[in-house]
Amino acid sequence: MIDKRIKTVAEAIADITDGSVVMIGGFGEAGSPSELIHALIDHGAKDLTVINNNTGNGEVGLAALIGNEQVSKMICSYPRSSHSKVFPTLYRAGKIALEIVPQGTLAERIRAGGAGIPAFYTATTVDTPLADGKEIRNIDGRDYVLEYGLKADFALIKCEKADRLGNLIYNKTARNFNPIMCTAANTTIVQARKIVAVGDLDPEIVVTPNVYVDRVVEVANPVIESQLVEEGVCYI
Amino acid sequence: MIDKRIKTVAEAIADITDGSVVMIGGFGEAGSPSELIHALIDHGAKDLTVINNNTGNGEVGLAALIGNEQVSKMICSYPRSSHSKVFPTLYRAGKIALEIVPQGTLAERIRAGGAGIPAFYTATTVDTPLADGKEIRNIDGRDYVLEYGLKADFALIKCEKADRLGNLIYNKTARNFNPIMCTAANTTIVQARKIVAVGDLDPEIVVTPNVYVDRVVEVANPVIESQLVEEGVCYI
Amino acid sequence: MNTENSKVKGWTREQMAELAAMDIPDGSYVNLGIGIPELVAKFVPEDREFIYHTENGLLGMGPAPEPGQEDSELINAGKKAVTALPGASFFHHGDSFTMIRGGHIDVCVLGAMQISQEGDLANWSTGAPDAIPAVGGAMDLVAGVKTIFVISQHTTKNGVAKLVEKCSYPLTGKKVVTRVFSDLAIIDVTPEGFRVRRLAPGITFEEVCEKTDAPLLPIKAY
Amino acid sequence: MNTENSKVKGWTREQMAELAAMDIPDGSYVNLGIGIPELVAKFVPEDREFIYHTENGLLGMGPAPEPGQEDSELINAGKKAVTALPGASFFHHGDSFTMIRGGHIDVCVLGAMQISQEGDLANWSTGAPDAIPAVGGAMDLVAGVKTIFVISQHTTKNGVAKLVEKCSYPLTGKKVVTRVFSDLAIIDVTPEGFRVRRLAPGITFEEVCEKTDAPLLPIKAY
């Protein structure tokens, strides 16, 4: 019987090694797999390349992972942290590298990585400094820049409901980068608010088909990052 | 008030002109917008380029449109018709052109056309005759072929439920090419089995968001192509 | 809107937003940038319906919820709590930027640091050596959306012109802006350069010229 | 399966399918080509679970429905009526080929016109001038799926070898096939060329060599 359920977040992320490339779902706090990230802080893997739209909030979740100096490179579209000096401080000290990618190009590069598309052309960044050094091609009279697909060793994902096969559905705008990141990682690790029986998810409404998912762990009452930040919680 | 509802299939397709590029949803008979196609036969626009995975069945639907000599070029992956000599006869007589595209590349070219991606690389067709004359690029040690996005003037789509704004959901494997074709046409024309009130479709399960849809017409009891073929029905 | 009161000079943020809203056609799909552009949603003319897109995966975005009704998993691109209207849909980031990059969004209203007379926009970085670059979705929006409006104070807090011959800051996109709604005037980007379309109450053409670092064409007589 | 009856010679279509099924690891995501490959689904070993993908947008495909229960909107890539098992999901063609092209499907079992000793596959066209080309999803599958098995009669109806040094028909993909299940033998594609892995009952190595148009290595002794 195929059963992708794992008992604890610690077990779920145990094989992430130093130097891994890790995609982390979420847009701001929405859809951020905070418990998996905190488990990764406890675990301590270093020299990670992290792909996320932002750099976290306060001193919890992704911001705490960065603050704990486990991340050597961020690939993101908007690294300014809200209520946090974690990333700016490390960046200005030269302790973390940054690859800035426009949000839509970041999404498409992840989608391409998952879809077996090694590279594609887009008009985004043409005539801007972010296209410097990149191949430009004129197609039908318009200039486009060549961008490459992104893949990862691991993806850390948050969803609303999962089943033991790994089918997932999400909640509102907490969907964001999660479904595409599921497709682009060698090992996709999911925290679900609820694990339901196989057959409970209507095949018409599954957002992430189970082929993309390797591990599912139930986190029934995930923290809400903004509340932790307000309370001044610091995970590290 | 935004209201994309149209009363009849004839009105819905009335502005398709000679020479138009038309994407037609469906994989075999599943998801094929037969009533819109039959309206297009009644309407008579000629010299069409049609994009569909196949070339229709029997002498109804797409096969009838081809049989009526309204199509000058087919772009498809598998043009062999079931129970029909319509396409082969015209093709061998030199009366219809054929661009053969692997099914996955066809899907991705349509998706790219809708997503503002003018071109992308894929390993599909490398080292085969279908890559002849195409640009090959080696990326990270593997050869890939350059393929271009596909767009259309019109898309003819079949769905299960729609609302007046143009949100769509589909039925089982009748989904197939329909959602991506909705994104890739200047004018997307949809036949829905049922038009429901705005708000009746859960935002979490909408497959085609309304931004992609221009016109919706209710066809409550669509024909089942295979039954027509069995009954020997000929639309032209 | 009464902008003709003789005592006032210029437009408020709300008035700039309302003027932009009045120039958006009925039935448009609209994406609003962070800041003043967000106010546009408050001023939809009564006989029109717009559908709002936010790039983090929601079409059919509604206004902010009542206090206490916020949902941390229902936010906009500015990461503020929003609502979903009847007829809304949720989707992932790949699909969201299919809408933007694919040319399916009709109008985007953005803020600006500089706008050139050719319509170049700079709104993501001053290019200062210690600045941490942060671009978000702005470059995708200007590359993909059909019509780009800018709402912005006419000058910086220090009185430096934002409408310029050539942007000195790094570009967000080239030849993308079609109309600017400032506190002093509505200005079109035309093949001949900036042209005033309408002056704010109490503002003269000469005043606008003075605060603009590029040639300015007067209101066209029709 | 009893294949050791001394009176029988070779394997039936069902036996070829069963042998292929036995070589698919537990938990695999599997895509089955049209024809004999479809039979594989009937022979999943009792202690294993496979999840079937069909490229027209269904993961978790089940067996054909009872007669009278067919749904013209629930079909497989061969356009035959199928069912959806608990845990299934429907998706569009773009997403379906993300699974295939992106390397997410573990095993694909296909038919063949020719297989070369280097693993090249030809299964879509004879290249005859009057043939109407029709490729379907075969090229995407061989380019994207991790392991490609072939099930095929060892020769054509006219006795012409299908296992060859070099394919004369247009290729579907180069160096893609790893194992062939024919009615005469199971044959691996190795860096040294074709190697017999197992002979069908009543079949000798010499017989298989005779019906193969490429050098054949004998079963490896371990």
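Lettered A, B, C and D in written order, each chain numbered from 1.
Here is the rule we use: contacts are C-beta pairs under 8 Å (C-beta built on N, C-alpha and C of every residue); 3 or more make two chains touch, one makes a residue touch a chain.
Note that the coordinates shown come from a computational prediction; the quantities given were computed from them, not determined experimentally.
K.L.:
Out of B-D and B-C, which chain pair has the most contact pairs?
P.N.:
B-D
K.L.:
Specify the chain most distant from chain C by Cα centroid.
P.N.:
That would be chain D.
K.L.:
Please tell me the distance, in whole Å, between the geometric centres of chain B and chain D computed from their C-alpha atoms.
P.N.:
About 29 Å, centre to centre.
K.L.:
Nearest whole angstrom, what separates the Cα centre of chain A from the Cα centre of chain B?
P.N.:
Comparing mean C-alpha positions, chain B is 34 Å from chain A.
K.L.:
Where does chain D touch two or more other chains at once, residue-wise?
P.N.:
If we look for residues of chain D contacting two or more partner chains, we find 58, 84, 90-91, 97, 100-101, 143-144.
K.L.:
At least two other chains touched by the same residue of chain A: list those residues.
P.N.:
In chain A, the residues touching two or more other chains are 108, 111, 115-117, 122-123, 170-172, 203-204.
K.L.:
Name the touching chain pairs, would you?
P.N.:
A-B, A-C, A-D, B-C, B-D
K.L.:
Please name which positions on chain B make contact with chain D in the complex.
P.N.:
That would be residues 27-31, 53, 77-80, 82, 87-88, 91-92, 98, 100, 102-108, 110-111, 122-130, 170-180, 207, 224-226 of chain B.
K.L.:
Using the touch definition up top, name the residues of chain D that touch chain A in the complex.
P.N.:
27, 29, 49, 51, 53, 58-60, 84, 86-91, 95, 97-105, 143-144
K.L.:
For the complex, which residues does chain B have touching chain A?
P.N.:
Going by the criterion above, the answer is residues 108, 112, 115-123, 137, 139-140, 142, 144, 148, 169-172, 203-205.
K.L.:
Touching residues of chain A toward chain D in the complex: what are they?
P.N.:
Per the stated touch rule, the residues are 1-2, 111, 113-117, 163, 165, 167, 183, 198-199, 201, 203-204, 206, 209-212.
K.L.:
Which bits of chain D are touching chain B when the two form their complex?
P.N.:
54-58, 71-76, 79, 84, 90-94, 96-97, 100-101, 127, 130, 132-140, 143-144, 170-174
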